[in-house]
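To keep things simple, chains are lettered A, B, C and D as they appear, and every chain counts its residues starting from 1.
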Amino acid sequence: MLNLNFHPAGRHFLGIPGPSPVPDRLLRAMSYPTIDHRGPEFGALGRQVLQGLAAVFRTQHPVVVYPSSGTGAWEAALVNTLSPGDQVLMYETGHFASLWHRMALRLGLQPEFLGLPGAQGWRHGVDAGRIADRLRADTGHAIKAVCVVHNETSTGVTSDIPAVRRAIDAAGHPALLMVDTISSLACVDYRHDEWGVDVTVSGSQKGLMLPPGISFNALSPKALAASKSARLPRSYWGWDEILESNKTGYWPYTPNTNLLYALSEALQMLQAEGLPNVFARHARLGEACRAAVRAWGLEIQCADPKLYSPVLTGVVMPEGVDADRVRDLIWRRFNLSLGTGLGKVKGRMFRIGHLGDCNDLSLLAAVGGCEMGLKLAGVRVRESGTAAAMEHLAATGSELRAG
Amino acid sequence: MLNLNFHPAGRHFLGIPGPSPVPDRLLRAMSYPTIDHRGPEFGALGRQVLQGLAAVFRTQHPVVVYPSSGTGAWEAALVNTLSPGDQVLMYETGHFASLWHRMALRLGLQPEFLGLPGAQGWRHGVDAGRIADRLRADTGHAIKAVCVVHNETSTGVTSDIPAVRRAIDAAGHPALLMVDTISSLACVDYRHDEWGVDVTVSGSQKGLMLPPGISFNALSPKALAASKSARLPRSYWGWDEILESNKTGYWPYTPNTNLLYALSEALQMLQAEGLPNVFARHARLGEACRAAVRAWGLEIQCADPKLYSPVLTGVVMPEGVDADRVRDLIWRRFNLSLGTGLGKVKGRMFRIGHLGDCNDLSLLAAVGGCEMGLKLAGVRVRESGTAAAMEHLAATGSELRAG
Amino acid sequence: MLNLNFHPAGRHFLGIPGPSPVPDRLLRAMSYPTIDHRGPEFGALGRQVLQGLAAVFRTQHPVVVYPSSGTGAWEAALVNTLSPGDQVLMYETGHFASLWHRMALRLGLQPEFLGLPGAQGWRHGVDAGRIADRLRADTGHAIKAVCVVHNETSTGVTSDIPAVRRAIDAAGHPALLMVDTISSLACVDYRHDEWGVDVTVSGSQKGLMLPPGISFNALSPKALAASKSARLPRSYWGWDEILESNKTGYWPYTPNTNLLYALSEALQMLQAEGLPNVFARHARLGEACRAAVRAWGLEIQCADPKLYSPVLTGVVMPEGVDADRVRDLIWRRFNLSLGTGLGKVKGRMFRIGHLGDCNDLSLLAAVGGCEMGLKLAGVRVRESGTAAAMEHLAATGSELRAG
Amino acid sequence: MLNLNFHPAGRHFLGIPGPSPVPDRLLRAMSYPTIDHRGPEFGALGRQVLQGLAAVFRTQHPVVVYPSSGTGAWEAALVNTLSPGDQVLMYETGHFASLWHRMALRLGLQPEFLGLPGAQGWRHGVDAGRIADRLRADTGHAIKAVCVVHNETSTGVTSDIPAVRRAIDAAGHPALLMVDTISSLACVDYRHDEWGVDVTVSGSQKGLMLPPGISFNALSPKALAASKSARLPRSYWGWDEILESNKTGYWPYTPNTNLLYALSEALQMLQAEGLPNVFARHARLGEACRAAVRAWGLEIQCADPKLYSPVLTGVVMPEGVDADRVRDLIWRRFNLSLGTGLGKVKGRMFRIGHLGDCNDLSLLAAVGGCEMGLKLAGVRVRESGTAAAMEHLAATGSELRAG
């Protein structure tokens, strides 16, 4: 029988780019006793959570909450707004963009997948110019939606969403704009309303610091209008009944009560820290991590410095080194989990997560564990990345507590 | 700001028919630190959970686990096996059967809804004879599936599933048999393979004692075969990719890690108690609860004693009494939650749950709270139901610990 | 290997008169991460706890907190104020008064033990008149302290402390008054300053709802003065160094950090409910419990109705019935713990606790479990105590939540 | 109102030399529901814990468990074995040895305090030769006990206990040997029986990984014999009644139930890892930490390399640098707690704990946080201590999990 309670001495360092480390405070909130999901206390909880979410998505419009993985929220975005055979324009930035593309195919849509050949696109962000060009060519407006990933978790590239919005507007095209923010929400600045996004897809287990199991669709009035005539079949994902129930703080089917407790707590934590501070913390830890990779003399998976992700850093291995062997050695030796290379970059790189409930010393532990592991695996590193990270951390940042 | 940590003195008594009280042991398991869902420990956890689930469903075939409410597992059963416009035969036993019927409509199927007129059917179980008749009339085999609810949570009626199987067989009809066991699994004897069920739908928050957020489809080879040609669009719910990943204990998208910890623990608890003991415990508590209702001189919602539910008891109010007013008074005065009347019986009855992590004294507390509340609400009761329940509990049952 | 995580299905009902059921909220607070007991956060915690305790003891003077059982606080009261061979006047109200008496002997004091012969005194409270008489006879003021137990946990008798104070004053005697409130504090009205108590001894695991492990001495200026010249050796229990450290919120040796978290939370819970409401709740549950015992036709251990304890009720068994056999049967059969008879009443009675985090339905469960157990053990009961308890609970009390 | 639930983003790094970081697994065990301390389950728990403790102390003789801080166990050792005015020989190795000396004075003993002048002794261990000399001079055997600290938590010096034993034996002196292992037990090899110790004093919050609140006396037959005639008054600390109750797994007064749960779990964790592995892990982390201090060019408080503590490292600041200012800056900036300098070395040094539930990356985080803080505080460091620590960690150690 597996002993789930077993771990080697000392705390495990969870350095994957999500699920991110769940703060003890959220674990405690998750353990509040389950209450009647039709009782008055629940309604108050529901209303509070929905209001708090709107502030995080930066929207005045509804946010729909699903008891599901983030993958479910992708599906919800598509089936609520589109009809069988609809064309959608997607952009290959990495593994998760590819999975969303495959989902569109499975649901009977006609997705078109822009991007660079081979694995080239996996080192870059969305090229808004190509989207503009493609939409201009679509004079018949057959394309119903543009779908892009804000922060590509498989590569560590954060695309420029306002640029995509401007591209659509420049083309004068009516397509809906759908954005996956599963790994960027509450880590990177994001503005659903101001940036003119129609459906924002997100999840619980990254910047919101929860365990996986809750996902989101933030809506625009245009998306809501589209849902009235969209003909893909939908029931579980249907916005209509959820929005109706949400008016009083309830859900049409049994919600994920205990995760909603944790969500309520997480929203309070984010509000207390202040979103701009949260974003600055992520940016600073990301830069410290990249300073380490540069010092090691290794390549960062993201080839465009303007698009470096504050959420995770992809570390490319030298030719001939199996990234998963390094990763596995680090896990077995230093009790540190790193993200595997996915899809086209499997074995070529690993990923260091620096998101959610992280701080200077948790980053330092991750970087130090990587550095020792790289050496033990025989990967030649130029100089100490740990020293470089410490230099950045010491030179920036401020006191966490009053003096 | 809502204070989720607040409750009146003493423990809240959760007497709704699910979510059932989550044992502290599961809450503790839920708080194990989130691990890498692609790491080796996770695979061991996944394999263990899938194996344990098979034993609870009594099946040799795969059980698919979804990060979703039970409602999602209804949808999964339909979209994996059926095609647009397919006819399905459903049976109105109450609110949840009605919701499943409505879902079938929304998904573009043609559900036919058997049952008694008005709210009559809400006091009875599935009439297998009528199913047999209807299937015999369907000589062209246009009906692709028969969908029934094992334990109707809105009424407290447990239908006879083997009888439904025999009805289909007697009609020589190839329709798939799909059964909702959301509130019966691990409370009432259920045998997926032996009873010839093709898709068993279930959820986490009843007999499995977890918070809501995980749901299940147990499959038959016939269901799997049907899924190869079914044409309803599906991606999140698609069995194929999940089954492929499950071979090594993983999932194709981020699973509900912390709920899987709790599920693993729950499966160990059920195995330690022994399923036959679990069923006997539920049956005995159910009988004690009904003894109370009879003593009060109130009607039990289930009109067929052979189909009394061991999971919950629906208590019908006398004419002119608003059941929700009584329920609300009990909640405010005695810190006890009861299930509201749903749909056609709204305001006419309330429901006492006696499922999951319950025992003699928790039942007694629920019954006693109801009795005091009924009196305070001015409902005339014939004699003490609490005394009747105690009599049954004392006369039956055995020692929980060695002497 | 003992499996501490195992229990029969459903929640255990802890009906002993302390340790009382620890609210989940306190268990969660206990799991906050241990912090540096010399750091700034700790000082803030210490100051908050000390301030909150003063409000519960109703004192303007210091409260000393010990990492120890309540027994340690007894010793602290004696060794800080007395010298070898000092005479102290104690009163035999039951087992705990007797243990305190034995402790005084062991510490080299000369305790005199007033009380009725045999087990008679175990059914009554402190007779203040006898104390007055004895003090008047002590014209040389050889008696240095009068020590009484406020609520005798072994019997369920709550003595009249102001009467003892008046007795001492009436005798014009300078003896210190020391009172054990281990099981009464935060259950029964108690006023350290107003009642002129010199040392109040208390503990964590009863009305304060914590697990055992913290204990208290509340002091008067007279007690502090006495400690300057007292010559019993003391170090761990010494008030002087603790009071000095407490000024800034710290302790001279490592304090019980995680229990202090729980204490801080408990003090907030008591403040939120309001001490008068807490006392009224205990009084009402106590009366409901005694209504049950009367209905059963059994004797209440406390023979003086004015001194019935709101904390626990001692239930005397008929001649020839072994109370521990009944208690054990109830534990094995109904998952309910009751207090054993101690010392002189071993086997003659058992004790039902109704203290701390209790409410109507937890009391009802305890009473119902006893009633079933009594019958199964062959103890003839006159009529249903559960019915009597329910009658009292329904007739009194108010709504816990806004309508 | 203090918000105990608040902390800056990310986990706090507790780098003080105890209380050490409490593993989540122990926090979960602490939250098991409190049970009847006189019931059968409790007896099984008590017996299990007492047996497990004997294995950790390496003794066949009884281990007494107190609900108290470690300071209480010091007192227990003295009052159980000695009489008023008895001479005891103590050795000044640092702050904690000095506190024990002061306690002996307060209890009315005549302690003689060997050691070097000023703060010199705080950099060295016990000089067994001086003990031998002093005992030889005590031809009348007026000295009743020799009391030494195994691991001096204030300095990071681990004295040689077998050498002390040999010194006593060489002098042919009958004095009892009492050893404080509060911060060494379960961190450093220790053998109560084999080393001929009469009373071993210990506590819960260091190597045993619990929160503070439980302490211990391991006994020898000679100590037990001494307790029969010792005349210091004692009650709470009295071994006799505790040993009597312990025979069946109980305690004479209310034990610290929830901490005993955690203790049971901790003993299982230690047994699973294996004490030799636990000691080797501590030794290795200690050496890595000292490698860092050496690289910084700073002095280690312990001046005798043979006596370096595997539990903590004292880091001496250059002249003119206030260690507490550095420590405070590190706490405010990097969310890392370090131990303050105590007593004679206040402001001169700080202490890094590497004990209990620690591992490579938690040590690395502590060392890295110190290094950044030293630089920010303007302390000139020669070279990177973090690099030196990593070099040691990578060069030693093995895989924590199977490949």
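One rule holds for everything that comes next: contacts are C-beta pairs under 8 Å (C-beta built on N, C-alpha and C of every residue); 3 or more make two chains touch, one makes a residue touch a chain.
As the structure is a computational prediction, the values presented were derived from the model and not from experiment.
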### Query
Can you name the chains that touch chain A as well as chain B?
C, D
### Task
Pick out whichever of the two, B-D or A-D, is joined by more C-beta pairs in contact.
A-D
### Task
Going through C-D, B-C or A-C one by one, find the pair whose contacts repeat those of A-B for over half of the pairs by residue number.
C-D
### Message
Using only Cα atoms to place each chain's centre, name the chain farthest from chain C.
### Response
A
### Averaged-CA centre spacing for the pair chain D and chain C, given as whole angstrom
34
#### Entry: Inter-centroid spacing, chain D versus chain B (mean Cα positions, whole Å)
54
#### Entry: Rounded Å distance, chain A centre to chain D centre (Cα mean)
45
### Summary
Among chain C residues, those touching two or more other chains are 5, 11, 21, 24, 28, 31-33, 331, 401
### chain C residues within the chain B interface of the complex
5-11, 13, 21, 23-25, 28, 272-273, 278, 281, 328-329, 331-336, 357-362, 364-366, 368-369, 371-372, 375-376, 384, 386-387, 390, 393-394, 397-403
### Touching residues on chain D, where the partner in the complex is chain B
24, 28, 31-33, 40, 401
### Task
Flag every residue of chain A that touches chain B in the complex, lowest number first.
1-2, 4-5, 11-12, 14, 16, 18-19, 21-22, 27-39, 44-45, 48, 66-72, 74-75, 79, 84, 99, 102-103, 106-108, 203, 205, 211-213, 232-236, 238, 253-259, 261, 264-265, 268, 331, 337, 339-340
